[in-house]
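Next up: some structures, all given as structure tokens.
The two complexes that follow have chain A in common; it is paired with chain B in the first and with chain C in the second.
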Partner chain A sequence: MKICYYPGCTLKATAQNLEDAGLAALAVLGIAVEELPRWNCCGAVFSLATDDVLHQIAPTRILIRAQEAGAGQLVTLCAQCYNTLARANLLARTDAEKRETLNRFMTEEPDYRGEVEVVHYLQLLRDQLGWNGLAARVRRPLAGLKVAPYYGCTLLRPAEVNIDAGRAGGPPAILRDFLAALGATPVDFPLATECCSAYQVIGSPAASLARAQTVVAAAVAAGADALVLSCPLCDHNLGRQQLSFPATNGGPPRLPVLYFSQLLALALGIDAAGCGLDRNVPGTRALLAERNLVPVAV
Partner chain B sequence: MIQTMKDTEAELIPVYVMGKRYLVPAALTIMKAIEYAGHQFIRGCGCRGGVCGACSTVYRKKGDYKIRSGLACQTVVEPDMHLAQIPFYPALRTPYDYAATEPTGSAIAQLYPELFRCVACNACTKICPMDVQVMDYIAFLKRGDLRAATAASFDCIQCGLCASRCLAEIPQYHIAQAARRLYGGKLAPPAAHLATMVSHVAAGRFGATLGELGGMTADQLRELYVARQMEPAMSDETWVPDAKVGLA
Partner chain C sequence: MTVFLAIGALAAAAPRKVMELSGVNPGRCMQCGTCTSVCPMVEAMDVTVRQTMLLLQHGRAEELAAARTGAVCAACHNCEVRCPRGIEIPRLMEALRLLELRKNRDLVDPRAIPRERLAALPPIAMVAAFRELTA
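Up next is the complex of A and B:
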């Protein structure tokens, strides 16, 4: 089955490290994906207004592109794009009235009825390789690295698009299993599935900064060396915002933040440049060098 | 001339100009048909030769909900067409300091933040008389790819129909022009032959010829212009003029 890849705008702009590492890792793993030849913005956020069909056009158009390209699956690295596309796909599959409205509006496109399956990269790893299969491919185990998985909202909610739906009812474990396969030590912490503050960073920057301090402090308190996530917006709020944390003595703790694809690339033996580590918050590369996880110390 | 054409000499067909029915000769373009019906174009008619884009127009056909577009000076009328000429559609171009502006997606986003209001409805692409993939170049700019946006928008004639249809109120053609200028001047590899020619100009290679022309009377210039060697129609790219003044 052909798998198409949908990058999303941010991965071509400020989150190139999420993409570069993820694609380099897939090449090493021998999983072939093809970037959609034509694509537009996913819409960034799934519209929550029930009568807002217009905002479903962007993600639906991408799904049509995937279908045109002959893809059975469309894979994303960005959690936000995953959420928007998966929910638009769910709408195409389950809401006949809105589906027909969308198809009638896009007369220049072939009709779409949810034929393509939207998957997140973590699901692809789990379902194509299995965690044992992935562990067997690791060349540089992340031994001794204690990593807190951060899911945020968009990988898990709503339940219909939960990438770890098999564990419905219990806490998600897909990132924990992923980290264990890489040889790292997963560190569960209580705020792993809470919101990073999302776009509140624009309207309520003070509240967003406070949230970042709370989440990072909770991960540090749980004993994590680093935080791993899959969303550029979470990375901005929990990672970049650390640059704005008060620097006073005894101020809020800071923590290296990495995309899951970067840890994957690192464990597969891809060099530091291929992992895009120069784009992470200060201290990330120093931490990895300290644990002998990057070939060249900085 | 239209004004002297007797109705009996040409086949007449009905068209609707701003909702009113007129009989016009079947061979006319939309622009000529509207003029035949009594309207006068002072602005918005442009070159009348299919080049400049000033006369981009919208029309509908009988029994078809689709809005269609074309150049009024090039599109021939059909029976029961519904016509109106839109001389200009307001769209703001953001002034910027070219030298100080980085050729990046974020620079474009700062000039035109409304870029991110696009919901991919595709109305812009569907109306474009030049078949430019407008929505696609907006998508390229959202992800900061000025090179791809330049290539995708290259055929744009700045007619502005895209902006007239945009429900996100984006002035697409102005944004694409800024992207092309930033890409062309700051990112595209410079053409070596252009630098060579500029150095020839700077060194005064054409000075004597220009001086000669400057000293001529209007009549002499006219004579020279009329006598110039024209490139034959449909000639291929190997054609060269007999005289190669300054090109050697």
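Up next is the complex of A and C:
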């Protein structure tokens, strides 16, 4: 089955490290994906209003591009793109009235009924390799690295698009299993599935900064060396916002933030350029040097 | 905020437009407050999520229009997955935002974002914020 890849706008801008590491890892793992030959922004948020069909056009066009390319699956690295596309796909499958409206509006496009399956990269790893299969490919176990998995919202909610739906009712474990396969020590913490404040970094900046301090402090209190996530918006809010944490009395605790794909690339023995660690804010070099995990230079 | 409610005014009074836009009936809320307790943005809200549900049930359009609840909501869906009544609260929040946005009123002023902040923001933050908070 052919798998197409949808990057999304931010992976070509501030989150190049999420993409570079993810694609380098797939090449090493022998999982072939093809970037959609033509794509547009997914819209970043899924429209919730009953009368708003207009904003479903952007994600639906992306799904049509994947179908046109003959893909059975469309994979994303960005958690937010995953969420928007998976929900638009669900709409195409389950809401006959809106599907009809969309298909009639896009007369130049072939009709779409949700034939493609939208998956997140973590699901692809789990379903194609399995965690034991992934562990067998690890060349540089992340031994001694204590990592707090941060899911945020969009990988898990609403329940219909939960990437770890098999565990419905219990806490998600997909990132914990992923980290364990890489040889790292997963550190559960109470705010792993809570929101980073998302786009309210623009709407309510003070509340967003306070939120970042709360989440980071909870991960530090649980004993984590680093936070791992899959969303460029979470990365900005919980990572880059640490630069704005108050400095009085040493300020609130801080810790390195990495994309899950970067830890994957690191564990697969991919070089420094492939891991894209220079783009992380705050930096990760000191932590990785301390754990003897600095990737080899190109 | 103190709001005085008429006894026996429950349910059917929910502003019709909010129910239309959201497809959700706030009358099903039993005021347990779980939504407020799990809301990551509650400290920035002048009216909590639970209070908003009550105002909706009583059709208090004026108080709802004055509140910043919808504008501060991050659409994280935590309230929805925890709600014991299974109410899709984020849809109600979106409807409350849209009531303002569709009057061509912005809930955030893009020109007020300092230039150096703008340069560091990921595209996803701007697309999402302007989609949710500008007309």
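In this section, the second predicted complex is superposed on the first by the 292 of 298 C-alpha atoms of A that agree within 3 Å, B and C clash if a C-alpha of one lies under 4 Å from a C-alpha of the other, contacts with A are read in each partner's own complex, and residues count from 1 in each chain.
What we mean here is this: contacts are C-beta pairs under 8 Å (C-beta built on N, C-alpha and C of every residue); 3 or more make two chains touch, one makes a residue touch a chain.
What you are looking at is a predicted structure, and each value in this text was computed from that prediction instead of being measured.
Novice: Based on the shared chain A superposition, would you classify chain B and chain C as clashing or fitting together?
Specialist: With chain A as the common anchor, chain B and chain C both fit in the superposed model.
Novice: Could you work out the angle between chain B and chain C as seen from chain A, using CA centres and rounding to the nearest 10 degrees?
Specialist: Vertex chain A, arms to chain B and chain C: 80 degrees.
Novice: Between chain B and chain C, whom does A:Ala15 touch in the aligned arrangement: first, second, both, or neither?
Specialist: second
Novice: Could you tell me if A:Ala58 is touching chain B, chain C, both of them or neither one (first, second, both, neither)?
Specialist: first
Novice: So which one touches more of the residues on chain A, chain B or chain C?
Specialist: Larger number of chain A residues touched: C.
Novice: Using the touch definition from the top, say if A:Pro158 reaches chain B (first), chain C (second), both or neither.
Specialist: second
Novice: If you stack the two complexes on chain A, which partner ends up touching A:Glu108: first (chain B), second (chain C), both, or neither?
Specialist: After superposition on chain A, A:Glu108 lies in contact with chain B alone.
Novice: With both complexes overlaid on chain A, does A:Gly43 touch chain B (first), chain C (second), both or neither?
Specialist: Both: A:Gly43 reaches chain B and chain C.
Novice: Which holds for A:Glu68: it touches chain B only (first), chain C only (second), both, or neither?
Specialist: neither
Novice: With both complexes overlaid on chain A, what's the closest CA-to-CA approach of chain B to chain C, in Å?
Specialist: Nearest C-alpha atoms of the two chains are 6 Å apart.
Novice: Which parts of chain A are in contact with chain B and also with chain C?
Specialist: Touching chain B and chain C on chain A: residues 8-10, 13, 41, 43, 55.
Novice: Mind listing the chain B positions that touch chain A in their complex?
Specialist: Residues 105-106, 116, 118-122, 125-126, 135-136, 138-139, 142-145, 167 of chain B touch chain A in their complex.
Novice: List the residues on chain A that touch chain B in their complex, please.
Specialist: 7-10, 12-13, 38-41, 43, 54-55, 57-58, 61, 105-106, 108
Novice: For the complex, which residues does chain A have touching chain C?
Specialist: Interface residues on the chain A side: 8-10, 13-15, 41, 43-45, 47-51, 55, 78, 80, 153, 157-159, 194-195, 197-207, 210-211, 232-233, 235-236, 240.
Novice: Taking the touch rule as given, give the residues of chain C at its contact with chain A in the complex, in rising order.
Specialist: Contacts found on chain C: 20-23, 40-41, 43-44, 71-72, 74-78, 80-81, 88, 90-91, 94-95, 98, 107-108, 113, 117, 120-129, 131-133.
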